[in-house]
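What follows is one structure encoded as structure tokens, with my remarks underneath.
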Amino acid sequence: MGLSVENLGFAYAGKTVLQDICFNAPLGKLTVLLGRNGCGKSTLLKVIAGILPLQTGCVLAAGQAIKALSGSERARLIGYLPQFHQTVFPFLVEDVVLTGRAAYVRATPSHRDIEMSRQAMETVGVEHLAGRPYTELSGGERQMVMVARVLAQNPQVILLDEPTAHLDLGNQQQLMRVLKLIVARGTTILAVLHDPNMAFLNADKIIFLNSGRITDPPENCCPWDPSFIESIYGISTVVLPYHDKAVIVPTS
Amino acid sequence: MKILHSHHIPKKHGHTDVLPSCNCRAVYCPALFAFCYLAIVVVLLCTAVASDAAQLSVTDFRGKHITLQKPAKRIVCLIESALSGLYMLGVEQQVVGVSANIYNGSVNTWYAVLDDRIRQKQLPVPGNWDFVSLESVVALKPDLVIIWSQQSESIAALESRGIPVYGVLLTGWEDVYKEMRDLGVLTGREKRASEVVDYTQAEVGHIARRVANIPTTKRPGVYYMWAQGNLETSCGGSTVNDLITLAGGRNVCGSIKSEHLVANMEKVLGWNPDLIVMWYNERKNPGDVIADPQWQSIRAVKNRRVHEFPEHFLCDLWTLKFQFAVKTVAKWANPELFRDVDLKKEKQTMLFKLYGRKIQGM
Amino acid sequence: MLRPAPVIYYLLPFPVLLLSLFIGPGGGVAPADVLQALGHKLALSTLPTDSTLDMAAEVLFNIRLPRICLDFLVGGALAASGTALQAMVRNPLVSPDILGLSSGAAFGAALALTVGWLPLQPSAFFFGLLAAALSYLLAVNRRGLSIVSLVLAGIIIGGMFTALLTIVQIVNDPFKLQTIVHWTMGNLHNASWQRVRSAFLPITTGAAVLFAMRWRMNVLALGDEETRAVGLNPEREKLLLLIPATLAASAAVAVAGIIGMVGLVVPHMVRMLVGPDNTRTLPVSFVFGGTFLVLVDDLARAITTFEVPVGIFTTLIGGPFFIYLLKKSGAGFGETS
């Protein structure tokens, strides 16, 4: 169960962006996707989420092949948080979160939809912002609201594209805490992070993407192995152990 | 020129003997008299010729003086009503260019009968009321262009090329008379122009005299309906108002001074006209107005006194044919008073008098 | 959440509509007569034979009432359309004109006025829809409907129809031209039950579909990717907004000419009053737009003997009122984050 991807490929304008992607994000675990800018991480998430079409390969979410699903069926299984947000109108936070229920709503949201949104806001910790206009929030608060929105969708798999990008240290930690809370409840999370250390400290599983292909660290090798890191990011680092994990520090 | 009008050749019989009668010059007197008579005739003829050689001069509606050395021989007429006037003057062969609307609509049938060139679409169209192709006009080498005086840009362009332009602005009957007389001068057909203007004035005068004594209270309330919409009408101080008044009616909105305005339906109900006169309308008939649910309670609709002018050409208020419009409305407004007027006969007489034999049988 | 708009906004039209029945050009029907005629009608009793009372009833039921109904329908259609299109385009600066439908409808009307055998309202309606459809087809491509393309296409198509309109104007004589100009500035003076009937179905159908879509507008307003992420197809949703909005707006323009301000400014006013949540702004826009036009037309009817195009009033009144609201509460838009 969880999320498994087999032989996924994607090309755009004649250029191959992703090739032979095979991996499994285990059920109830936080899987992190790492790689350089432009290696195809966002594209991979978009293909799984259905934003971009699935050209080759197969994706199974909670045991179901997503290719056969309709938009709203897929949305009940997979939630997606994009990297960039656009706001024009000053919607209230609670209305923004409520839009996450679109896959369940016929014409207008029911009491159940409203209740799910409220719970999502509570879980993420933004219920105190419910009545404020979204446009007046700080970057960090907005991000948390967006996470609540994905949660309101009540999916079994959640895809996050660089969720910590605009957050300060405190908010980053808050977010990771929330994500761990979510996986503890049985949801599968696949997140793209820009900071490998964050992955090393929090993730249950790490996948590396290098020029459109999955690259695994060599056998019996930790993901923070300096030579491996150099092959991925092209910089030299030193490893600093931390409990049973480690962080890496770039050397100049 | 004035001499030409007012001179008269003294009749032989009325001639008084200014020479002392002398028995011994019994042979000389008749000879001398004949010589003097011939001399006077020759002098007068020379004056006449000299007058012809004098300039033809008029003031157009802009207040500009237009002077021609001789009658216009190549006329570009961009106003349909003025063109019909030129046909009345009998100078149609001097017309070399016309406006686009001659070839459209109901007037085309009339012009096709009047002129083979129009029937065969041979007369060029260098412009219309709004757009004038300068090149096309100049290519026709006109010596006179007749155009609406508001088309100031086109006029300026033509005059800067030395082409005489006669600008027209009609706001009432007097303007129509002036236009005809001026065109008569410019085409050397003053006599004919006088003839048709006098004829029209007489005909209109007949009607006016007959209705002069009808007090305002006894006149039927008339609502005039333009073709663009039921609520489009003309009020006081307009040619339509003159038409209604001359015909023995009373314009229901005559108290408002406006050439053209859009009335409020409630107001029309309040005016409650006795007679509705529709301008020639391609889309609507009196039956359509009578059937309109919003007009049901109006007296004119209840009594089915809703009439439409039969033709644009016959009733054109901007030409001398407006006399026919006056007669038509007079008959509608006061049918009892004008029972003797036979519109068909009037129409044929008018067409013959204005256009000659050509339109017989239309 | 989803608390309905304060009931006052929905109740607002009733007193306004009632009062409007008493308003008319000066020196016309006395209000007392109107009251009597109304009373008789409501009590379903027959009018006593009295010519003033007959006139009052005639004016009330055949002239004022259809006009007020038409005002409400047209104002509501334009405002609701504006709200829907602003949500779809994610830009508060658009009005129902972005697709060039006003230019198309104006051309259709001018063509009908020139050609003679073409009926006026259907022609305007048809060409309005045609312009919108052309703009859509020009803008849409494989990857979907780009908003920028749509606005550009609307400008181009609108411009083309305006050019065609100008050609028609040149060809016509000065009287027809005047009528065309009058038409393009808004003409409610020809209101009749026939016009109300012809506009009723497209406007109410369009408005009903938009009403059903009112919550989906919130989803769409957050972006194409987000919309797809939560399980809706943004292209389908855009069409589901575009078609009814265009239907209602075209019908409104066909029957009343081009009335400015309502489609652009009323949605803003409503947003300032009830917030941007479309489940409230959409129905309130319809009601507010309709009431606004009824009020403006009341003014137009009362102060002039002859008819002045209502578009003049909506602009001269709506504009300053909008500026006042803007200064007081601010439009409250966020820039893109």
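Chains: A, B and C, in written order; residue numbering restarts at 1 for each.
Heads up, the rule we're going with is that a contact is a pair of C-beta atoms (placed from the backbone, for glycine too) under 8 Å apart; a residue touches a chain by one contact, two chains touch by 3 or more.
These numbers come from a predicted model, not from an experiment.
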item	value
Chain-level touch network, classified as line, ring, star, complete or other	line
Chain with minimal offset from the mean of all protein Cα atoms	C
Computed distance of Cα centres, chain C from chain B, in Å	47
Inter-chain centre distance, chain A versus chain B - centres from mean C-alpha coordinates, in Å	87
Centroid distance [mean C-alpha coordinates] between chain C and chain A, Å	44
In chain C, residues with contacts to at least two other chains	none
Of chain C, residues touching chain A in the complex	1-2, 87, 90-92, 212, 214-216, 218-219, 221-223, 225-233, 271, 275-277, 279, 332-334, 336-337
Contacting residues of chain C [partner chain B, same complex]	24-25, 27-29, 54-55, 58-59, 62-64, 113, 116-117, 170-171, 173-179, 182, 189-190, 192-194, 301, 304-307
Residues of chain B defined as touching chain C within the complex	100-101, 129-131, 226-232, 256, 258, 260-267, 269-270, 282-283, 292-294, 296-297
In the complex, chain A residues that touch chain C	46, 49-51, 71-76, 79-82, 85-92, 94-96, 98-103, 105, 107-109, 114, 117, 133-136, 139, 142, 150, 153
